[in-house]
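Below, chain A partners chain B and then partners chain C, in two separate complexes.
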Partner chain A sequence: MAFRKLHHENRRVPLYSLIDLVFILLIFFIITSIMIRTTRGEAKLYIPTPKNEPGEAQILIQIIDDKTCLWLDHTAIDTLRRHSYMIPRADDLGAKVDLLLRKMTLDNAALSLRLSRLKESIAESVKKEYFVLIRCPEYLPYVAATRIIEKLVDNPYIEYGCVSGSLQDIRSSKSILIDGNVLQIDF
Partner chain B sequence: MKTTLSLLAAVAVILLGYRQLQIIKMPAMHKIIPNPLMDEEPPIPKRPGTQSIRIVGPPLKVLKFQLDFKRNPLPLDWRYLEQTDKKADVTVSGFIDNEGSFIIERIFDKGHPRAGRYIEKTLNTWKFVQYKSGPIRYYFNVPTKVEHMKVQIDVRGLQKNLRFADASDQVKDGLLYYIDGLTKNNVMIIH
Partner chain C sequence: MAFQRKENERTLELFSLIDIVFLLLLFFLVSFAFRLAGEVSDAKVFSEINLPVTDTKLPVIKNDVLENLMIQITPDTSQLGISRRVYVLWPSFEDTTKILRLQAFYRAAQDSTFAVFPPDFLRLPDDRFYASAPCTLITNSIGRYIEKEKFYHSNTHPTVEVRAELNTEFKLINLIMNICSAQRQAIPQVIIRTTL
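Here is the complex of A and B:
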């Protein structure tokens, strides 16, 4: 049986397409490895899910924008009491929020300083438990909240939670009341 | 009367001696009474509410030394461990540093490398609340049928971490393991 002889001279590996394929694979693996690293970093943080119930916190951090936030703790009660003459009517929520905004707004540097002071005070004084509630507007990336959480996660005396909400929600809340040593904001 | 009393005393001494002998014969692990206060369920960290916010002053903290669930420890799947190696007998010795990280120093897998690797991988994710630090030892004994012997945790070397707890602070022990498929009846804490 006669077989046709193969001519090997014209058989070559298609190098152009091989190089194309190798580059595509390389780009794919570079991008996916970066993505995996990012998600692994986020996975290290535990962020408890909110519940549809009344909440309690020692510190409320309301993120206003990517540079400023409103820090409300029990000292906000003193601030509201001390400057009550600036609030014409008890039900004037806008005036209350404006007053708190004037007195208790922090920029990013001041917030970092306040958080590190909080940790130092816990380490030095009587051990108290703090629950920090971070409210982040929906239009901001959630990195704004995780940046704060990263600073809190390694302290056993501080717990935290994160909910969605803007300053406007506080402004349009049903009531902002002081009851003894409690500041209550009802949505 | 005297004779009766002497007889009773002799019987009591013989019974006590017999009891003492039985205790001496017992394996060391059986002599330890398991801690009844030990938790079983992973503690759920506080969750924020959305209906309202009550801003109040900080309450005093109850110090509980346990796994830190804020730092996402991975659970050890006991059923998977059993499937991997039914006869696995692994000892992990390490220490908890001042930041609460569990640093593995040595793993004795006694010829069960797959189980050893799985346990090592999981335990590397375990981080503790920073109230205590020092050496800690975990014994994993898959084939045993004896209660409290499947997992034993030796915490005798742990000391209060004075950076986060004062010497006078009372630190309770909480959940020192995170194992799916085991109840607290299978775990013993050696204090």
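Here is the complex of A and C:
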């Protein structure tokens, strides 16, 4: 049987066209990879709009600066009662605020711990609802408030609100009174 | 003189054909992509801001289609001293059309739906602060947004989103919340955008 020789010279790949094609593909992939940039994901943090009426909160967190805050809950009443000898007059708001500042100021780490404990206590005990009011001074970055709120969002028994206000507002409030088990701050 | 036909030279050059096809494809793809992304890329450059970092337990935004009215606050250095620039980004009210956040930002920049706070806005008395151009812009926009939402989607509560630079003063966030609070029946909550 006779075999015919193949003509190899006709089957050569055109080199210039191949290089051309490869470069075009290369440019195409470079451009697409530049255009499809991975963007950072974003999330939504819900904050209820404040009510224009006097409210009641189980916990008040007054942000003092970006590192510290004043935590006022039912223990503030005990603190004021126990150290009443440090308050010369009942209407001396400055002395009351100074006492609360000395006893109930938390740094960021302590605040995180306190919030974790709050959530644990809610999970263990009766499902009592809490309202946490966060007061943030106007000149501070809003991130000071959002970093507290983000720790509260995942608990259905904790409601929260956020308003503007400084420690100076508490100092210059009309009154800070203990009425039974309630600490009343009349701004 | 006799001419001889060269039949064998009429074969199709496959590589050249692919070459041209790819060139055309590339041209149309890139020009189309640039037309779409041109405005978005401009917007992306100017709207890139540092947001507060939070963890992943918050609802994550999958595709950045603008669903609510968005107030975007960016740093502004056009005046003496650092100030804040407020953009109002409008969503699409028709269910059939959607608008991306970056497209909305581009439109806001084009339509001049933005305003700049004076550098000393923190020290301004309340009456001058609330009468400033950004406050008026935010108030009017939220009012108009509620009216439009009532008209187009009467069953849903309108929501306002805030996308603000990390260092934005709480006063501005509080301003937006207070304006929404005045419309509390309509806007029970605001959304703060964070990054993961």
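Observations, loosely collected:
Note that the second predicted complex is superposed on the first by the 144 of 187 C-alpha atoms of A that agree within 3 Å, B and C clash if a C-alpha of one lies under 4 Å from a C-alpha of the other, contacts with A are read in each partner's own complex, and residues count from 1 in each chain.
Definition applied: a contact is a pair of C-beta atoms (placed from the backbone, for glycine too) under 8 Å apart; a residue touches a chain by one contact, two chains touch by 3 or more.
All values reported here derive from a predicted model rather than from experimental measurement.
By the touch criterion defined above, A:L140 reaches chain C but does not reach chain B. Of the two partner chains placed by superposition, chain B and chain C are both touched by A:L45. By the touch criterion defined above, A:F28 lies against chain C but remains apart from chain B after alignment on the C-alpha atoms of chain A.
By the touch criterion defined above, A:H74 lies against chain B but remains apart from chain C after alignment on the C-alpha atoms of chain A. In the superposition on chain A, contact is made by A:D154 with both chain B and chain C. Once the two complexes are overlaid on the shared chain, A:D186 sits against chain B while remaining clear of chain C. Contacts of A:D20 after superposition: chain C is touched, whereas chain B is not reached. When the shared chain is aligned, chain B comes close enough to touch A:F131, but chain C does not. Across the superposed pair, chain B and chain C both touch chain A at residues 43-46, 48-52, 153-154, 162-163. The residues of chain B lying in touch with chain A in their complex are 44-61, 63, 68-72, 99-100, 129-131, 163-166, 169. On the chain A side of its complex with chain C, the touching residues are 13-14, 17-18, 20-21, 24-25, 27-28, 31, 35, 39-52, 136-147, 150, 153-154, 162-164. Taken together, the chain C residues at the contact with chain A in this complex read 13, 15-16, 18-19, 22-23, 26, 29-30, 33, 37, 51-52, 54-61, 64, 122, 161, 164, 166-174, 177-178, 180-182, 184, 187-196.
Across the interface of their complex, chain B is touched by residues 43-46, 48-60, 72-74, 76-77, 123, 126-131, 133, 153-154, 156-157, 159, 161-163, 165, 181-187 of chain A.
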